[in-house]
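Right, I'll just put the structure down here and ask away after.
Lettered A, B and C in written order, each chain numbered from 1.
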Amino acid sequence: MAPILSAHRISRSFGPVEVLSDISFGLEPGEVHAVIGENGAGKSTLMRILSGHLQPSKGALEFRGEPVRFSGPVEAERRGIVLVHQEILLAEDLTVSENLFLGRELRRFGLTDKQAMRESTRAALARLGARIPPDAQVRGLSIAERQFVQIARALLVPHQVVIFDEPTAVLTPIEAEALFTTIRRLKADGIAVLYISHRLAEVKAIAERVTVLRDGQLVATRDASSLEPVEMARLMVGRDLSKLYPDKPAAGSRDMVLSVTGASVPGFVHNASFELHRGEILGFGGLVGAGRTELLEGLVGLRSFRGEVILEGREVRFRNAGEALASGVAYLTEDRKGKGLLLQQDLRVNLTLAALERFTRGPLIDAAAEDRALDGALRNFDIRARRRNMLAGQLSGGNQQKLLLAKMMLVEPRIIIIDEPTRGVDIGTREQIYQFIARLAAQGRSIIVISSEMPELIGLCDRVLVMRNGRITGEVPGEDLSEDAIVFLATGVHEDKAAAIAAGVA
Amino acid sequence: MKKLALSAIAAAGVAFALGAAQAQQKNVTIGVSIPAATHGWTGGVVYHAEEAAKRLEKTYPGLKVIVKTSPSGAAQANALEDLSAQKIDALVVLPFNSDELTNPVLDVKRRGTFITVVDRGLKDPTIQDIYVAGNNPEFGRVAGKYFADYLKQGNVVVLRGIPTVIDEERVTSFEKALQGSGVKILDKQYANWTAMTPSASCRTSCPSTRRSMRSGPRMTTWRWACLRRSVRRSAPTSSSCWAVPA
Amino acid sequence: MTERGAEAVPPMKSLRRWLHADLRVVAPFVALGALVLLGALVSDRFLTVDNLVNVATRSAFIAIIAVGATFVIAGGGLDLSVGSMAALIAGVMIFVMNGLGAPAPANAFFATLSTLFGSSPMGILAAGILLALLLGALCGLANGVVTTFGRIEPFIVTLGTMGIYRGLIIWLAAGGTITMRSVELRELYRPVYFGSIAGVPVPILIFLAIAAAGALLLYRTPFGRHVVALGSSEDVARYSGVPIARVRVLTYVIQGVCVALAILVYVPRLGSATPTTGLLWELQAITAVVIGGTMLKGGTGRVWGTIAGAVILELVANIMVLSDLVSEYLVGAVQGAIIIVAMLVQRGLHRRQ
């Protein structure tokens, strides 16, 4: 079949840096074509070229066999090429239907036709398998719901090619399943779908063909049926990654370091109790919004919190993160950009922020000591920074996560709580982070990992607690760890049922 | 009257400088620092000072007159420094207010500049070499006598000007002139010689005025009277005292 | 990937890089230099020692206040009340010194102060200075506490206190002026504004000292780092264990103390407080901070840039007074245009980075 949109030897440079070089590939109608690669491999740049946000420095695009040059996203959209952004770009104070039709409002007698827009919104969302009231304010929607609104908005214009940029990053398995149903329907309608994702199993499940990028170069385009996730990872990283997770050591000492009894976070968590042992990696599983983040943020004093907390035999109550850090409990947020790092400040300022009192000489900051700490962090955590004085915001996701780890390790915590340790982190860096977590546990520190990535919980944790609707619904011990066991506790139904429900919803 | 006062400014300021100029045949610079035109009278001062400067410069070659206007006391202190930096030989100053400008003028004086103070005086009269002003105590006395004769019996509110020496003189003799008469001063408020502040001040000055203002047509009449007067009477010929029948 | 591991950078290279990267730091000083050049071209009286010293001296008030404003703004706050606060502090300070100078103490408050500080002019002056600093700190504390614990926008809080402080001084002065009565005291206090040490006017020395102290505090202490972190992102600061409430309140206290320090230099100049004292100083201070390269949204603080900004504001006014190019009535308009141009330049430099 002739490709509807194809790229011929395109390259793109930013200044002297070539981020994409000599890429050729074609997208056929009715296929789902996945593009995978590590962060910084050039996926986003390729995406932005295809959707008209950027022009290639070299090479050309062809649309339906004719060379085209998009002056901007509007022109690409006119030809039926739409991009579903990874970031949520919605006006929070407007309603769902106002957002859907923002900038292209339906009119009647010169006035906006609210009724018609409401109806189309309802229909568009129903097609995606989402039940979101058209008059709801976007502010009140969950991240997943917003994602659906955004997809519905993109699909509102007539489309031939739909590009999804990591659409499932914020979706639960059921919601992801609903999205896949939508994608399959697009495919059946003869639409070409370009699908970017970090989740290789998902790529395997939904895509016909897979294109792998590494360091701005196209490594391979293969049929998905002949490509296993492990092989995808090897192509992406350029080395064997069949062993992503470190070995689990035999269960060591069972001294209890932390015990939480009857914990509540108003509005999010009810009566949660758990224990943490020395040298243990404890997982927290569950759907987005189950209250995992809130429970542990409450524990370290970032939210209002009730309940008994016994840390190393002493009852404690942290009123803020500073007190928790002082007691050796560090929490690494899932929201690296919003709450973890000062994106506008340089690496040094970020690194020492939580442990600043360790870097003083008299009343003043000891800049030399800070520099030594930065050297150590860049080396020990393998943070790849072009310049020492670059801003934290200029680092890739993986390097930001390593910087956040380095920052929190400077306070030498005994208990480390890591919320979504690998969200937005490419697979090569992922392996490093897992190794690092395992090493911390081997040092006798205790780790709590909150994760929505099922394989991560299974591969990394000694045991997993699962939450649903603000309660801890059960514990899966190490030997019984399986996706099904976690999904069951997280949703109340078994995995195969979950898919069926999603299909039924759609 | 206006012209008289202004000629006085010029004459007084130039007296020293010209003497020097003619005697030593050298160039002389006179700095003139006056408040910016915030109402009719200061407007007149600015206009006539500039006119007088032109005329004097034409009449006496080698004489330079720099006129600077300032919208506030602090700004006038800046202007005085700027004038000093331009090596003036004599300064003619109409201080924005007496309290704030005393130190800055003293500073100019200490550089050996000949000081002529006009109208609104300084806290420390020893600073000035010449002082030109109207007979301010008499303004106050005449106004007070008028009220005592006209009203015989009644209450008045005094909306005075900017806190300055001359304001103090006028109000003091106004009060003195009312002594023993049936006219009583209910309250005194600074209205700063502007059209906007008096009405606001009047309103809050005393309960009886407030009542009369609220009570229908009288209020309108009264306020208009107040505004009209504040514009018309802010001329140097009148006193700075207003009286409002309660 | 094009990223390389960071290697040790040779010093020369790092210096050049620093110069290149931080154009924004140098920009206000370049502007200052350009203005001086312009001034020299426009008026032959401009480049005299007298004139330049005058300009630097009178920028002291705004410069000192703006150093405090740099902390507040770098910490993501805003203080609109500084002008009113200045008037209030000046008024109270003079009021108290007058009270102490009176032959008999008017009430128990003055009696207590009198026994503490004595009735010598020196004692009275010390009492006035200490009281001014204390009042400044308290005014700042009020702003900080309401903003932080009331969780109200600093714009609104300080708009409110702006009215309150201004109202208090008008009330205290009964709509008129509060003036230092004692001639002796005036003479004693005079050198703080009009005096000079080794040819440098005292106000310049004072504001340089305050700027140096401010720069040290902001750049070299954990507190300063915390201020910048708070201004960059309150959430990140909170999650990093920064005591954000304390840091935020302290920025406002520093602002209050800076206002008091400015008033200590201001009072010997004009010797009185009026209802119009410090009018619009808040805008001038904010302008100085912004011209100096500090971003209004917080997260950066450039103390020396702020000083340059304050001097630039006075320079512009001075050049316009000295030259006859533009009417001096347009000083405000030109200063306004300068803010906008400064922001455009800043934005341009930011983009290039």
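Operating definition for what follows: a contact is a pair of C-beta atoms (placed from the backbone, for glycine too) under 8 Å apart; a residue touches a chain by one contact, two chains touch by 3 or more.
Treat the numbers as computed from the prediction; the structure is a model and nothing was measured.
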item: Centroid comparison with subunit A (C-alpha atoms), farthest chain; value: B
item: Chain whose Cα centroid lies nearest the overall Cα centroid; value: C
item: Averaged-CA centre spacing for the pair subunit C and subunit B, given as whole angstrom; value: 33
item: Cα-centroid distance, subunit A relative to subunit C, in whole angstrom; value: 45
item: Intercentroid distance (Cα basis), subunit B paired with subunit A, Å; value: 73
item: List of subunit B residues in touch with subunit C within their complex; value: 36, 68, 72-74, 77-79, 81-82, 84-86, 97, 99-104, 107, 123-124, 163, 189-190, 201
item: Residue ranges of subunit C touching subunit B (in the complex, touch as defined); value: 45, 48, 50-51, 54, 57-58, 174-177, 179, 183, 186, 190, 193-194, 268-272, 274, 276-277, 279, 317-318, 321-322, 328-329
item: Subunit A residues touching subunit C - in the complex, by the definition given at the top; value: 17-19, 38, 40-41, 215, 302, 320-326, 331, 333, 335, 338-345, 349, 352-354, 356-357, 360, 363-365, 367, 378, 382, 384-389, 396, 399, 407, 411
item: Residues of subunit C that touch subunit A when the two form their complex; value: 1-6, 9, 17-18, 21, 216, 220-222, 225-226, 228-229, 232-233, 235-243, 299-300
